[in-house]
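Structures are listed in the sections that come next.
Two complexes follow with chain A in common, the first pairing it with chain B and the second with chain C.
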Partner chain A sequence: MSQTRFVGKPIARIDALEKALGKTRFMSDLVFPNMLWGKVLRAAYPHARICRIDTSRSEQLPGVRCVLTHRHVMGLNGFGIVKPDQPVLCHDKVRYVGDAVALVAAETESIAEEALGLIQVDYDPLPVVEDPEEALSEYAPKVHEQGNLLLRTKLQKGDVKQGFTEADVTLEQRYSTQLFEHAFLETEGGIGIYDEESGVITVYCGSQYAFRDQLQIARALDWDPKKIRVCSSPVGGAFGAKDEITIQIYLALLAYYTRCPVKIVLSREESFISHVKRHPMRLDVRLGATKVGELKALDVRILSDTGAYASLGGPVLNLALEGAPGPYRIPHTHLLGRAVYTNNGMSGACRGFGATQSCFAMEITLDMMAEQLRIDPIELRLKNVLRRNDLSAIDHLIFTSVGIEETLKIARDSELWRTRDIRKRDFQPPIFYGVGVASEMQALGLGKGIPDFAGVSIELDRDGSFLLRQGCIEIGQGNLVCFLQMAAEVLQCDIERMRLTHGDTFASPDSGSVTASKSIYLVGNALYLAAKTLLQELERFASETIGEPMRYQECELVGPSRRIPLHELAQTAHSQGRQLKGEGHFVHPTSDKDYGDGLPHCLYSFITQVASVVVDAETGMVKVHDVLSIPDCGRAINPQGVEGQCEGGVVMGMSYALLEKVELQHGRFLTDNFSTYTLPTAADAPLTNKTVIVESMEPTNPFGAKGMAEPPNVAICPAILNAIYDAIGVRIFDIPVTPEKLLAEIERQRKI
Partner chain B sequence: MPDQVTIECIVNGKQVRTSIPSGMLLTELLRDVLGLTGTKVACGKGECGACTVLLDDEPVNACLMLAAQVNGHSIVTIEGLASDNEATALQQAFVEEGAIQCGYCTPGMILAAEALLRRKPEPSEEEIREGISGNLCRCTGYTKIIQAVQKAGVLRMRQKA
Partner chain C sequence: MLKPVDYLSPTTIDELLRLIELHRDKDYKVLAGGTDLIVRMKEKIEKPDFLIDLSHVEELARIEERANMIYLGAMVTCAHIISSKLLSQSAAILVAACQRLGSPQIRSRATLGGNIANASPAGDTVPPLLALDASLELQSPSRSRTVALESFFRGPGETILDPDELIIAIQFSKPTPDEKGFFLKLGQRSAMSISKISVAGQLHLNMGRTAWIRIAYGAVASTPIRAHAVEDFLRGKSLTPAIITEAAEIAQQTVSPITDIRSTESYRRKMSSILLRRGLEGLMAAAAPPGARSS
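Showing the complex of A and B:
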């Protein structure tokens, strides 16, 4: 698809105007008649046995409609994307402070709040498991009966011992990353409604996968999934945290027991302590290279603190391992990871999905290697760069598009990189300037062995417009306009001629989750098939009706003697009771290798990021000046959207590098709002934040597209740390690099 | 029963007279009583700016104000910025520049920018950054928001000229 009318154009998002006017209704904005307010009683301890739950006083409070505990969960009292080990309502034990113990529905929010305080729960506190290393000791208190190890994964290629003997230089370093909060702005909120007549329970609640929510609700309520409707779009931000169930099952239970619409909106504090975070990890990296900069061997050991429940802790660990070698050819690798249960809140999916942590460690190690070898950091990367049809560092064939080499060349030739030493002269001590670079390879899709597909249907409406039925959710990433751009390309019609559904299990086929930067790729493939099928259907129907061979062209059916506008054909079909539609179903391709638990993947987006920083060596303050993001996302369906992902990802990743950290003490949150957990503002954002897009056309997508939601917030973190080193010659191996930490390190090195 | 108070104020150009509990927050008056859900609540304690509205032309965090405090004053929410559903130059600039992603911060952000442009019709980039620094956005990284405010400032000056 070389000549395009819609694909590749910076067309304004279809949801933007409504959002600018304040008209968009998020799920937490909805109101229904006779609506009650629901509240959740969270655990009083991070680790404790529940001895007794007494709800009698709470039930007697005037205005209270129901108080629910584990006894009211009709189906499986558990949820979790991979394994349902998190209780809907805890019955014997609590494992983190966000655990839910009881639910209340009352006539007003304040009565519901008061009712929570009247629930009597007797606990027997247990020792808190805080340290993931100690959690693995046989003497450690068990978070779960079967032990504290969630998953151990080993990947290897070649002979890593042999590899290190072939290396001239070997570097070894320990890294650690912090617990990190997504900080989406719309807290978990929504409404549950039970319609007794039809038996349908409807849950309006923002999430990243309405169809999986539907199944998790059905399992917990022992309900027919076909009688559970989930509407979960649009969402006021998610970044991975709303992939797992949040309050959906509570809404369904409260609606069922009260027979009334019940609304829950979490406060920022309750949201903060209850939803998943980005995993803190400890990473030990050993990298060997020859004198000329050929990478020979990589050994990585990761210890991941997954917190109280599994959620996606296993897959996150696995992607951290798969992502650890980065976009480089390394003949000998040994990658070992363990994910461990603790009482430190709980962690799960977060933008980058494990690759964020391992890229941080690998890209700093590479920077140190470049220095040791006296090779330019970009040249070192280019020497080892992965190309299409190479074997990866985990020994699987990369048969999809690989644009990393070009991103590195653009970085090398950029003014920001070329002038880095000249610009240093503009600054006088104690102010120092430095530039750093880092690259990343982000696996897209869910990986080998995990169902990963999208279904789409497109219907011709009676007025000659198209209705695109797809189920993916708008969480801010801007996929909806991209879907319409791709469909318009095939259907040869204006975007205004189309409508689409999103995030409603009763309105469309299942199009998969909006995770793993995958919706553009998967839905794009499925809608292409649907649109092609619809065009054939239109031509067949027109030919039958007219009695001569008709071809579709620009919203007209054209035959040897006649031209019929599409709206006329639509009316004819409608009058005959014919629904003209096309369906498309696409299954994600997979790797020829199978390492289990979703490994490996087979489709990757890439990015190289260059960042300049200004460091004040007297205060330890770091200001990120200029950032250049060079993503390879395949064909950019909407370049403005790609820029938006890059700019936003940069600021989030900058903050991961320098500012944000969730503080816990004995399993309790010391940071649970935006006063104690500060976020970057417009005043903190880089002075320039530019994007240059590389489009390696992806052969397994008809539009050439891949995805670009995660990578921009990944490589930026090590790029900034490498820039700090370039500025002042100080390396920090644990993030965030707060001014206090940097100053202490500067002092320490001065003394040496 | 909590004490009820009667307040009179102007919301988006319309006279409002209503009896409310004295402890009601301005966000509750706007969202729950008047159905103006464009005003968002994301922190409930003045940390994020999602609930920004204009009180007599000045930006305030509606979550930090009691509804009773606006008695005798004029409020503009995001729904009242545009007349007849025609987006203002500022709203249009947010759309065109790609300054909107999830959109949850957008109403507060636009009103904070509106207040800035009323106070300072031609703000420098630094003044824009400062002017919207009370409003958190997790999606955009602020670049396109800053560009949108700059663009709207220029357009408004031209319209005036």
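Showing the complex of A and C:
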């Protein structure tokens, strides 16, 4: 697909105008007649036994329609993507302050709130497990009966001992990362409706995977999944936090018991304490290299605090391990990780999915190694850079496209990098300028052994337009226009000639989750197959009806003696009751190796990011000045979309590096809204935030596409920390680098 | 969720005072811009049964010059202050503080009276008003009095206001053209940020020496404070680098900050020095004759 009309063009998003005008209706904006308000009673303690739940006073409050507890959960009282260890409604124990204990539906929101206050729950508080290290001690209180270890994973290649003996320089460093909030704009909100006649429960609620929500709701209600409709698109932001179930099961239960539409919209505070966060991790990194900069051995140990329930804590740990070596060839590795239950809220998927944490640790270690070896940091990376058909640092064949080398070369030749020492002269103490670099390799898709597929169908409508039926959701990233661009390319028609469905389990085949930066790749593959099949179908039908061989060309069917426009063919098909349609189903390729629990992956996007900072060594304040992101996302279906992901990712990753941290004390949140949990503003964004796209054409996608949602918020964090070091010679190994922390370290090292 | 409240909206000060008199024993709150009050009501820290809105009392929203005094009604908003020509010429440090307060939306609502009455140690308009030696005109149905701003605060959220008493106006002597000042603030982010620390200074230089100087800090004690020890030290001295450094040292001793969610005790203490030094150095650099600056 070299000559394209739509693919690779910065075509405006189909949702742009209505979003800019504030017209988009998200699931939490919907209103239905006779609608009730639902509320959730959350745990009063981060860790406690429930002795008794008395709802009688609450039930008697006028206007209350139902009060539900664990007794009302008809099916499995549990949910969780990997293992359903999180109760829908807690029965005997609560494990974090976001645990749900009871539900209320009432005629107004204020009655529902009042009713919550009338539910009497007697607790027997238990000691709070706060420290993931202590959680592993045999004397630690158990968050779960079977112990506090969720998962231990070990990956190995070569002989790491041998590797370190071959190394001339070995560096060892401990790193730690903070609990981090996604801070999506739309809190969890939506409506549940039960239609008694059809037996269908409909749940309107923004999430990243309507089809899995459908199954999780069905399991909890013991309901036929075919009688559960989930509409979960568009989503007002999620960044991973709405991959797991949030309030969908509550909506379904309340709708079922009240026979009325029930709406829940979480307050910012309730949203904050209840949904999953990005895992805090402690990482011990040991890296060995030869004098000339050949990486020889890497040993990484990760302790991940997953909080109260499993959710995606296991896969996040695994991706942190897989991502730890970065896009480099390392012959000897030993990667060991443990994910541990505590009462520290709950962690799960968050943009970068574990790679965020391990990339931060590895890329700073590499920077230190470059300094030790007196090799330019980019040259050191280039020396070890991974290429297509190499064996990875975890010993699997990388048969897919690898563009990291090109990204590093562009970084090396960039003005920002080349002028880094010259520009230092523009600043006078106590103000210092520095530039840093970091690279990342982000696994796409769900990994070995995890079902990972997309189904798409495309129908010819009676007016000659196309209806693309796909199930992925719009989450703010702009994938819908990309789907249309790809389909338009194959169907040789304008984007305006197509409509598409999204995030509705009753409207389309299952196209997989919108996670792991994968929807463009998977849906692109499936829609390509669907479009090709549809074209064959059109040609066959046209040839049959016309009686001569007809070929599809630009919305016309062309035969030796005749030409018919598509809309005429559509009319004919419609009048004969024929539905002309093509279906495509694509299964993600997998690696030759199988390390279990989704490891390894086989498709990767890459990024190199260069950042300059201005550090005020007297106040410890860091201003990120310029950023250059160089992503390899395969073919950029919509370059403007890629730039958007990069610009936003940079600000999010910058804030991870410098500002944001969820503060907990004894399992309770000290930061639970945006006045205590401070987010960056436009005034804090880098002064320049540029993107140069590298397109390594991916052979397993007909358009050459991979994905680019996560990487821009990953490498930027160590790039900024490396820039701070370049500016003032001070390294910080635990993020965020607040002015308080940096100043204390400056003083400790008496560098300035 | 906000609990429903009754709402009264007087249009004159007399009517306002009558309403307060009438509801003296009831649970009411006066509402100015609401940017503190509504947040506190949402968090259920305040649960008034009704609100008396000051925003239609036109007399309270005036910026005036009266006999060499600057007179600001309690309902004057930050946006109003920023757009006032009179104030940008004569009280630049107050304007600077208002420019750094909240966001454009907040600045359109947030009032001077509200910022003072709220009595946050971090209230941004207070250090400049202290440095301008402002006083407050207070009024209740039974009495009116004028008090120095410095004696107004008792602690975080606590003031000398009687339950039925209001701030009517803020006033200070109109600074002379040769007075200079500075306002500096550090927050967690560049905009829409509650101060970790703020400092304001106003001084009069006479033949290169400080005839007088007033320095005030925000967020480094339980109330906004004047740094009298620093002022005493600097009075009559010329602001040489050595003197500035010494003053900055003294500043550290005068503040008594705490560690909270926004910053730490030790950082705030250090910054009380750094910001003061920068403020004074900035003034000296601006005052230096052309050509002398680069040296």
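The rule we apply is simple: the second predicted complex is superposed on the first by the 750 of 752 C-alpha atoms of A that agree within 3 Å, B and C clash if a C-alpha of one lies under 4 Å from a C-alpha of the other, contacts with A are read in each partner's own complex, and residues count from 1 in each chain.
Everything below uses one rule, namely that a contact is a pair of C-beta atoms (placed from the backbone, for glycine too) under 8 Å apart; a residue touches a chain by one contact, two chains touch by 3 or more.
Only a predicted model underlies this, so the values are computations on that prediction, with no experimental measurement involved.
**Student:** After the superposition on A, what does A:681 contact: first (chain B), second (chain C), both or neither?
**Tutor:** both
**Student:** Between chain B and chain C, which makes contact with more of the residues in chain A?
**Tutor:** On the superposition, B touches more of the residues of chain A.
**Student:** Which holds for A:509: it touches chain B only (first), chain C only (second), both, or neither?
**Tutor:** neither
**Student:** Contact-wise, after the overlay, does A:740 reach chain B, chain C, both or neither (first, second, both, neither)?
**Tutor:** Once the two structures are laid over each other on A, A:740 reaches chain C alone.
**Student:** In the superposed arrangement, does A:619 touch chain B (first), chain C (second), both or neither?
**Tutor:** After superposition on chain A, A:619 lies in contact with chain C alone.
**Student:** For A:689, is the partner it touches chain B (first), chain C (second), both, or none of the two (neither)?
**Tutor:** first
**Student:** Considering only the touch criterion stated at the top, classify A:641 as touching first (chain B), second (chain C), both, or neither.
**Tutor:** Only chain B; A:641 stays clear of chain C.
**Student:** If we overlay the two complexes on their shared chain A, which of chain B and chain C does A:477 touch? Say first, second, both or neither.
**Tutor:** It touches chain B, and chain C stays clear.
**Student:** On the A-aligned overlay, A:20 touches which partner chain: chain B = first, chain C = second, or both, or neither?
**Tutor:** first
**Student:** Of the residues on chain A, which ones does chain B touch that chain C also touches?
**Tutor:** 675, 679, 681-683
**Student:** Okay, in this complex, where on chain A does chain C touch?
**Tutor:** Going through chain A, the ones touching chain C are 109-110, 113, 618-621, 659, 663, 670-671, 675-676, 678-684, 739-740, 743-744.
**Student:** Okay, in this complex, where on chain B does chain A touch?
**Tutor:** Of all residues in chain B, those touching chain A are 31-32, 35-40, 42-45, 47-48, 50, 77-79, 81-82, 85, 87, 91-92, 94-96, 98, 100-107, 110, 128-130, 132-146.
**Student:** In their shared complex, at which residues does chain A touch chain B?
**Tutor:** Those in contact with chain B are residues 10, 12-13, 15-17, 19-26, 29, 31, 182-187, 234-237, 239, 267-268, 475-478, 640-641, 643-644, 646-652, 673-675, 679, 681-683, 685, 689.
**Student:** Going by the contact rule at the top, pick out the chain C residues touching chain A in the complex.
**Tutor:** 1, 3, 39, 103, 186, 188-194, 261, 263-264, 266-267, 270-271, 274
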